[in-house]
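Take a look at the structures below.
Look at the two complexes coming up: subunit A is in both, with subunit B in one and subunit C in the other.
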Partner chain A sequence: MKDKNREAYKEEAYELLAELEESLLALEASPEDEELIGRVFRAMHTIKGSGAMFGFEDIASFTHEVETVFDLVRDGQVRVTKDLVDLSLAARDEIRAMLEGDEPEDVHQRPGIIAGFRGLIPGAAGEAGSGPAPAPPGEEDSWAGAPATYRIRFRPAADIFLSGANPCHLLNELRQLGDFNVVAQTEAIPFLADINPERCYTSWDLFLTTSRGFDAIADVFIFVADDSELDIQMIDDGTADRGDYKKLGEILVARGDLDEDSLTRLLAQRQLIGEALISTGLVSGDKVESALVEQRHVRAAQKKRQENEGAASIRVPSAKLDKLVDLVGELVTVQARLSQTAINFQDSQLTAIAEEVERLTGDLRDNALNMRMLPIGTIFSKFQRLVRDLSGELGRQVGLITAGAETELDKTVLERLNDPLVHLLRNSLDHGIESPEVRVQLGKPARGKISLTASHAGAQVIIRVQDDGRGLDQEAIRAKAVQLGWLAPEVEISDKELFSFIMSPGFSTAREVTSVSGRGVGMDVVKKAIEALQGSIEIDSQKGVGTSITIKLPLTLAIIEGLLVTIEEDYFVVPLSVVTECVELTREDVARAHGHKMARVRDEIVPYVHLRERFAMEGLPPAIEQIVITEMNGSKVGLVVDQVIGEQQTVIKSLGRVYRHVAGISGATLLGDGTVALILDAAQLVQGQAGELLN
Partner chain B sequence: MSASSLAETGQYLTFKLDEEVFALDISKVREVLDFTKITKVPQTPDFMLGVINLRGSVMPVVDMRLKFGLSKTETTVNTCIIIVEIDLDGEVAMLGALVDSVQEVMELDPDQIEPPPRIGTRLNTKFIKGMGKQGEGFLIIIDIDKVFSADELIMAQEMGGEQLPLAETG
Partner chain C sequence: MDMKKKVASKTEVVTFSGDLTIENAQELQKILLAAMDNAAELLLTFENVTATDLTFVQLLCSAHRTAVRSDKIMKLASPRPEVLMAAVRETGFIREKGCILDTQASCIWKEGWQ
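Our next item is the complex of A and B:
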């Protein structure tokens, strides 16, 4: 049981650490942001508190040191500096290491970090040296407590202006404490002729959601409290869950604006209570308005709290989700069979049921897949840190801008996307962005910019890594390609095709090109990883201006839209995402090409792969074959098959270990009648073709 | 481990390839299926017949005759696919073995089993666990894990790959 709790704590702590990192990095950019300081403090506080509770005493005592300093930061006694952020990030890593339990090697770092933090405490450096015990976990902290909502009725003395106080300043001060709403009560204001401009006629109903506690509010009014009418009440203690806040009538009764008897009488009239109250003159319009604001304010505070607590979400081990998706996949297959059977039987009742099942299965599939979707922002935040640390190391000044963090991707895709993206960012930093001096000479801002953006486009996600560095050197790449014999010197090719050379294995290892072109280390690895995810990658660059790398990925790997084709008796599926069109290939077309595997599609010459030959299949091709034209990395290649059947929802099944490395086949799927169809790996097939063309 | 499991179960599924009788430890056998349509996976060696649909999962099938150096299996009414569980580098994988016919499940006492002969068999002796005595005749107890060890399968694939005009060769 205890272990389970410790696991839960660890998991929570990892999340807090991620949040902490994010906040710290944001804090570096805007050191005065009190909300961020608060977030850092609260994260530390929670890690410390629950750490002590679950037996992570070392973490608790270590975190205590950090928390102490941030407490002072909060009070304005210590300023946020780069040193502090550096130190805090180091502390964060240290806590993480402690959580993972591999502390022995790193243990020597800890005293340094602790000393660093103590050094930041003004006047107290070294004083608190004798290993302060962690505070008990349950320790009450007025700041870190749950935010509560207060109703403050403030009626300043009529002569408040004479004392030099301005009620508006008080209200502004309250606004600093948290979420704040004001309703002015104007009923005491006399007619214009009777107004004495030196007197204050207005009173206020104020609603404040704050975690600072009662005293903080009372402090605001400390100089005017004696003469004014002041009533501060907690109306929501920040723990009540869900449920609606009180009804309007109840609020007014609770405030003493209305007595209960009148309320009961009014309710009997079954009018909208607000209107009823005003029309009967029992309560003034201002007061009703104020009560309504209170209602809204508390509801908003409660809703926000629920969102923060994530009460609407539960943790599920990802293995269970994977299993669910597997089962849904099988269901989709069975459903396809049912639909097929229903069509064969031509029974209207059966058809109706089959259609119903089809609809439900579709919804179920979408939902199940959706559950595995994670926002890409979960890996973006890690990159902020990476860029920050690397740019320090390499002596660059770089800002990473991310956009589209909310773009969702399948969990497995996301996990496998991490390494390629790290690689691309490293490349941009190391070879793309110039050193600040060079940049200034070139008339660029000293601080380089890398942007990492994600967005949806149909069933695909597009991720772009863009920098404003030195870009790729077309000439150098061209020269190298020619030298390697991959390109004839006189051949004209597009920049895109030229750049795709740097993603070929063998090209990238050449150091001298890397130093000129500024890129190319391990790009083939990146390309492979992206293609393994059924994605594609494209490079665009302008020398001296920058480089942009675009990655296109499918939303999910479990189910794809496919194009079902046949060769001889066998069925194959081509992922629809790469298919642009289908055209016919007749014997005459083949004869006209004089043995070249090229087809004329409108005004273009498109090379093709004859799958029947490629797969060494027996039998003769039909008189008219079909070319499925695919487009990847900007170039078109056809795949020749016997027949195109049509579109097909394809549940991807692994071929298992035995067939793991079959070239040109990425998996299998089951058709409605139970037949196995193989899924073609278009990228691999086409790559083979490209190789043949160069020969 | 193999010796103790031999003693423990003592039960074997026997099947025929050509005229020879082979035996498989019953704990390795998942089920026996009638012959069904097999989808060939291109660019793989001949003995790897392809894949079948086993109640929603895709299952590879191997022709045991080709694997053991006999001629290709001619499909008859007796042709069966034995689904076996094999240990591939510590990972359990399932595989279908196509055989001419399945005979019976029989018990063999340890004293009925003799060590594999050094010579006199067409089969690579490392695939043989022992020779079982059955009346006058012998049956060959095969070590299915060794037959389908990762090395064997990968080697086969590389062989299959070499026959192809792959891009890398140019």
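Our next item is the complex of A and C:
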């Protein structure tokens, strides 16, 4: 159980660290933003508090140092500076290393970071002025954020009515702050003959659950605080997930209304504690009533929180979701068989059931896939840090603008998208954005701009990395392509085709290697990674203006829409995302091309790959074959097959180890009747025939 | 503020109306004291109450304590005016159990305020 809790803590902490990093970077741009300061503080507070609870004492004590400083930032005693952000980011990395259990290479960094934070505290060594000493862990109770419950004991001055103040108004003000309960303490009210009816004899125990924090509560009493007795205590910080707040006796002991010895003695008598307390006169009825209200109030707050959390989300290990999607995949296949069987039997009842199962399976599939969807923003936030650090290293001034962070992608796609995007951003920083001096000379703002955007377009997600840097040099690329013999000097090609050269292995126009680029990963690797995700990549650039790289990806890799085709008796699936149209190829068309594998499609010459030949399949092709025209990187290439059957929902099964590296095949799927169909990797097939097609 | 007194057998009925607030607090105290002197059982009723505040709620609590100490009975009639109901709720006087002085279990704050 303990390990489970520690795992849960780690998971939560990773999420908080990601949020923390995002907030810190935003804070650097808006150092006065109180909301951001609050977010940083709360993240640190939670990491610290839960860390101590689950046995990560080192994290708790380290984070405490950071939290202390951010508490002072909230109070306006410490300003947000670049140094503070740098230090906080370093602390964030340190916490992450501690979570991972890694002993960082430079473990001596930790004391340095701590010393750095301590140095920021007003009154610390080297700092002028004096400030309040930071509270040790666990003592502070003033943070705003998650709803916490407070016990407020308020005894106004007896002559409060004469000053014009009305305690009822104060109670009503508190009521506006959150869930509120009030218990009047009436012990001090005298008998009728002795009472001065214009004086206040009542005091109150108030219970308030609010996210507004300590200060908001204290503010309510600001005008009466000097003459009143006021004690505000946080009794539930909003993180405990149990619904069994203290027992009645414990509450009274915690309040100082009962001593522990008396409680122990009473408990030994095995009486109902409330009755026993009142009958023995140890505690007044008012105080017992108040303790009961406190108990009920906090338990209700905890229960409400649990319900809210329970309703909002539930943590499920991703492996379980993967398994679910696998099972749904199997179900989709079986359902296809059922539909096929129903057609064969021509039984209306069976057909009706098959249709119902088809509908339900479709819904189940969509839901299961949806569960694995993650917003792309989860990786975007990392890039802010990357751009910040790299621009510092390269002496650039660059702002990263992200949009569409809420765009969702399958978890697997998202995980595999990270590296290509990192590479593209590095490229933009290193080769795209000019140094501030050069930019100013060119009449551009000194601060460059990289935008990273994501959006949905049908069943695809479009991700664009755009910079306002120097753009690609068409001439240099052309010269290099000619030099490599990839392009005849006299051939005119479109910019898109020209730019696609830089995604070929062995092509680089970079004159120098920097620490950022030149790491042995080129655009060809990016392209391969994107194509492995069934996606495509396209470059658009204008010299001196900037470069835009567009990645199109399918929403998921588990189930795709495919086009089912046949060659001889064998079935193949072409991912529908790359298919633009299908046209016929007659023997006359072939004869007209004089041996070239080219077809004329509406006045456009489209090269094609003859799959029957490519796969060395025996038999004769039919008189009229079909060309499935695909479009990748702006170029159209056809795949010639015998017959096009139609669209097919395709559950992708990976190939066994022996077949995994067969070029041109990316997987397999089972058809309704149990037949295996191979899924074609159009990009690889076309690449494999590139030389032939160019000729 | 108006006040009517009526003795019905042993029970003295005191009817409050108008503003039961700090401006009239001393007079209200006198009325309650006088009624308490005159009868063994006191029934407080309300008619056209326009306002009330904490001082009156305190007075009611004080009167009840005094009644219990003198072995007298003090009751509040229903229906009670909404302004009084609200004042009692808002100031947290409602109780599940009476205070230590409430030996007869007759605490006026236990029932009829919700």
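Here is the rule we go by: the second predicted complex is superposed on the first by the 497 of 695 C-alpha atoms of A that agree within 3 Å, B and C clash if a C-alpha of one lies under 4 Å from a C-alpha of the other, contacts with A are read in each partner's own complex, and residues count from 1 in each chain.
Throughout what follows, contacts are C-beta pairs under 8 Å (C-beta built on N, C-alpha and C of every residue); 3 or more make two chains touch, one makes a residue touch a chain.
Here the structure is a predicted model, which is why all the values come from computation and not from measurement.
S.K.: Once chain A of both complexes is superposed, is A:391 in touch with subunit B (first), subunit C (second), both, or neither?
M.R.: In the superposition, A:391 contacts neither subunit B nor subunit C.
S.K.: Output check: A:500 vs subunit B and subunit C. Expected answer is one of first, second, both, neither. What do you get?
M.R.: Neither: A:500 stays clear of subunit B and subunit C.
S.K.: Looking at A:182 after the superposition, I want to know if it touches subunit B, subunit C, both of them or none. Which is it: first, second, both, neither?
M.R.: Touch status of A:182: second partner only.
S.K.: Which partner does A:662 reach: the first (subunit B), the second (subunit C), both, or neither?
M.R.: first
S.K.: A:168 in the overlay: touching subunit B, subunit C, both, or neither? Say first, second, both or neither.
M.R.: Only subunit C; A:168 stays clear of subunit B.
S.K.: Which subunit A residues are contacted by subunit C in one complex and by subunit B in the other?
M.R.: On subunit A, the subunit B and subunit C contacts do not overlap at all.
S.K.: Okay, in this complex, where on subunit A does subunit C touch?
M.R.: For this pair, the touching residues of subunit A are 161, 166-168, 171-172, 175, 181-184, 186-187, 189-193, 195, 197-198, 200-202, 204, 206, 274, 278, 281, 284-286, 288-289, 292.
S.K.: For subunit A, which residues are in contact with subunit B within the complex?
M.R.: 330, 333-334, 570-571, 614-617, 653-659, 661-665, 668, 670, 674-678, 687-692, 694-695
S.K.: Under the definition above, what is the set of subunit C residues touching subunit A in their complex?
M.R.: Interface residues on subunit C, with respect to subunit A: 22, 25-26, 28-29, 32-33, 36, 53-55, 58-59, 61-63, 65-66, 69, 87, 90-93, 95-100, 102.
S.K.: Note which residues of subunit B are touching subunit A in the complex, please.
M.R.: Interface residues on subunit B, with respect to subunit A: 37, 39-44, 48, 50-53, 56-60, 88, 91, 93-95, 150, 153-154, 157, 161, 164-168, 170.
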